[in-house]
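Some structures are shown below for you to check.
After this come two complexes, each holding chain A, first together with chain B and then together with chain C.
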Partner chain A sequence: MRSEREIREALHSWVLSKAKDLDSSALTDKTPLFEQRLLRSLHLPELLLFLERLRGEPIDVDDLRPGDFRDIDTLVLRFCGVQVSP
Partner chain B sequence: MSSQARLKDAIASLSGTAARLSHLSQRSYQNPYTALEWPEAADPEREWFGSPELLSLYGTRPWESLDERTRRRLAFFEAANFYSLNIHGEKSLMQGLAARLYRKDLMDVADYLHHFLDEENKHSIFFGGFCTRYARVYRTRQLAGTQQRPRDVEDFLFFAKTMIFEEIVDRYNWAQGRDARLHPLARFINNNHHFEESRHLIFGRRLVAALWDACEPDWDDARVADIRGYLEQFFVASWREYYNPDVYADVGLDDPWGVAEVAWSAPAQRAHRRRVSAKCTNFLITTGILTKEPTDAF
Partner chain C sequence: MTASVAAASVDELRRNGLCWYPSGQAGLRGPLLALADGCDRAIVSLAAIWDASNERHPASLPAARLQRVDYLRSFPHQASLSARLDPSGLAEFLAGEVVGEHGEVTLTRLSPIREVLTPAACYHLYSSREGESFDRPLYLTTRNTCFRHESRYEPLRRLWSFTMREIVCLGTKAETVAFLQRARAAVDEFLRLMDVPVEWLTATDPFFQPQSNPKYLLQRVQPTKHEATYGGDLAIASLNLHHDHFGTAFGITRDGAPAHSACLAFGIERWLFAITQRHGTDPQSWPQPEDAAQKVRARQ
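Up next, the complex of A and B:
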C-alpha cells in the first residue's frame, strides 16, 4: 500500500514524463493539467491505467465526470481514496 | 485559391474513387445475420483464437512462464479484447460518419459514406456476437475529448484517426484471417473484416491526403504542431488498448497492471508495434503529415 506522499510523487513524475517541456518547479498539486494543456484527452487511457495501478483496482469509466482529472489534488482525492488538506 | 475552393476540389477529386468503391460495396453486400453460423460454445484452452505471435505478451518475460494452455486462454481473451476495441473504435467512427452524411461540402462522397457506415455497423455485429456469446465486451479507457477545434481541423483529425486505427487493425486481420492454426470462427471474423476494410483503407488514404493538401496551407505553425502532437499521441492511445490488464486478470495472471507495463515496455513488443505501424507511419511521413515516427508509441 502506497502512502499519500508516494502517490503524489508518482503522479508528479508521470505528468512530467508526458509534459516534457514543463519545468518541474512549475507543477504543483493544484496545477490545472488539462486546462493548461499539459495533458490532452488522448493521455487519459494511460493516466487511467496508471491510476488503476496505483490504487490496485479498476476505475469504472462509466462513472467518470468532467473535472475528475483537473489537477493532482483531484486525482488523489477522487481515485486514491485520500483526503486533501485545504 | 481559397481554402474552401481547395477543399471543394479535393473532395470532388475523390468522387471517382468513391463511386468505384460504392459499386464494390454493393456487389459484396452482406447480411451479418446469415453470413456466419455461430458454434454453440468456444473452448479457450483447446483452440487458438488469435495468432500467438500477435499476442501482447509474445516475446516478453511473462510469456516464458505461461504453459501452452494458458497461452491459448490468453489468445482467446485477447481476441475478445481485439474485437472490443474494434467495437469502441467503430462506435466513434459511426458517430463521425453519421454527423458528416449529406453535409453540403461532402456531397460528392455521400453515397460512399452510406456504405462505410453500413459496413462498420455490420462489423460490430460480428465483433459483438463473439464477445457477448463467448466472452465479454471489454471496456475502453479512451474518453471523448472536449477540446473545440475549427471544423477543417476536426474533419482532418477524424479521418486521420480513422485511417490510423484501421491500418493497425488490418495488419492483425490480414495475418489472422489466413492463420490455419486458428479456430474457423476467428479466421472468418478476421478475414471478413480485412476484405471489407481494404476498401475503407483506399478511401481513407485518398481522403486524408486530399484534406491535408487542401487545409494545411492555411494552418499556422502552432496549429500544425498541435495536429502532429495529437496524431502521435493517438498512436500511443490506440496501441495501449492492446495491453489490457482486464484481459490479464481474466487469464488469471497476478498483478495485471504490472504485467501490462512490462509488456508495453518489452523490446520485442516495441519492435512489434513499430513493425505493424510501419505502413501507416510511412504514409503519414511521405505525405508530410508527420515529420517523424511517433516514438512514444514504440
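Up next, the complex of A and C:
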C-alpha cells in the first residue's frame, strides 16, 4: 500500500507531466487543476486510470461529483483516502 | 412534480395554433405564433442589456468546422446531415420507387455529405469569426432553427427541430463569468415577472457514450452548464461556460490569448409549453414577454 506522501508525489509528478509549461514550484496540493486550465478534459480519462492504479480499485463514473478533481488535496481525500497510510 | 404533456392539453394547444408532426417538428400559427415571436423579441430586448449585436446565419455548418469541437464524435446520435442525391444517379433514382410505402426515400447514390444542420445557434458565431482577434468583449445574439435527433418526441417539449435564441459573450475569463452572473439575474427577474417558476439545476450535455467522453467527465466534476428547469424536468433556458473551448478551436483571440466564451440559450418552443401550462391555454391569460423584458432592462 502506498503512503499518503507517495500518492501526493505521484499525483504531483503526473500533473507536471501534463502541464508542461507549469513551474513545479507553482504547483501546490491546493492549486485548482482544471479551473486554472492546467489540465484539460482530454486528460481526464488518463487521470481516472491513474487514480484507479494508485488506489487499487476502479472508480465508478456515475459517482463523480462536482469538485472531485479540484486539486491534489481533493483527489487524495476523495479517491485515495481509505487506502492512505500514515 | 413533472410537467409531462397530456393528450388533452395537446388538443388545446392545437386550437391555439400548434401543428404537430410525428417527425418531432412543430408548426405554429395564430396565438402560439404570436407568443413565440413575443418571447423571441423579449430575449432580444434582454440582449440589449449588453448592447449585443444581432446576427443571422445559415441553416447548416460545414462538418469540418463542427469537427473542430469534435461535434460528430460527441453527438453522432443527434446529428442531422444535409444529404443530396448524386446528380449522376438521378436517372436511376427516377426509375425507382422514389418514395416507398412507409415514407422512406428510395435512395440511389448520395453526393458527399459536407454539411450538418445547425445543432446549436451559437456555433455559427464562433465558426464565422475564425482567426479573428479583438481587444474588447463581444456580446452577440442570434436565432436559428436547430436540429437534434432524439429517441422520442413530445409536442413543444422535445423536438427534432426547434428554435434557439442565444446571447453570447466572447471575451476574457472574467468577462464571461461576469456575463453569466448578470445573465442569471436577468433571467431570474424575467421569469419572476412572467410568473414561470423554475429551479436552476446543473446539467451535462447529451454525449454519445458519455462515460468514455472526456468532455462529459469534465462536466461531471466541473459543472459548466446550469439549466432553468420548469416543472422539475423541462429546461427552458441554460447558462453555459465554455472556457476557451471555442476560442482555441477557431483561433479566436482576445488580447493575444484564446478567447473565452459563454452563452445564455433559450428554447422558444419549450417556453410556449411552460407558459401555456402555467397560465392556461386562453391567450388572454398569458403574460406579455416583451413588457417583462423591458422592465428587466430598466432595472439592470
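In the analysis below, the second predicted complex is superposed on the first by the 81 of 86 C-alpha atoms of A that agree within 3 Å, B and C clash if a C-alpha of one lies under 4 Å from a C-alpha of the other, contacts with A are read in each partner's own complex, and residues count from 1 in each chain.
Throughout what follows, contacts are C-beta pairs under 8 Å (C-beta built on N, C-alpha and C of every residue); 3 or more make two chains touch, one makes a residue touch a chain.
From a predicted model like this one, the values you see are computed outputs, not experimental measurements.
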Ask   = chain A superposed: clash or fit between chain B and chain C?
value = clash
Query = Between chain B (first) and chain C (second), which, if any, makes contact with A:G81: first, second, both or neither?
reply = neither
First, second, both or neither for A:E52, with chain B first and chain C second = first
Message = Output check: A:V61 vs chain B and chain C. Expected answer is one of first, second, both, neither. What do you get?
response = both
Query = In the superposed arrangement, does A:L44 touch chain B (first), chain C (second), both or neither?
reply = both
Query = Who does A:E35 touch here: chain B (first), chain C (second), both, or neither?
reply = second
Query = Between 41-49, 167-175 or 221-229, which chain B stretch has C-alpha clashes with chain C?
reply = 221-229
Remark   = In chain A, both chain B and chain C touch residues 40-45, 48, 61-62, 64, 66
Task = Using the touch definition up top, name the residues of chain C that touch chain A in the complex.
result = 202, 211-212, 214-215, 217-218, 220-223, 243-244
Key: Residue numbers on chain A that touch chain B, as the complex places them   = 40-46, 48-49, 52-53, 56, 58, 61-62, 64, 66
Task = Could you pull out which chain A residues touch chain C in their complex?
result = 34-35, 37, 40-45, 48, 61-62, 64-69
Footprint of chain A on chain B - complex, ascending = 139-147, 229-230, 233-234, 236-237, 240-241, 245-246, 257-258, 260-261
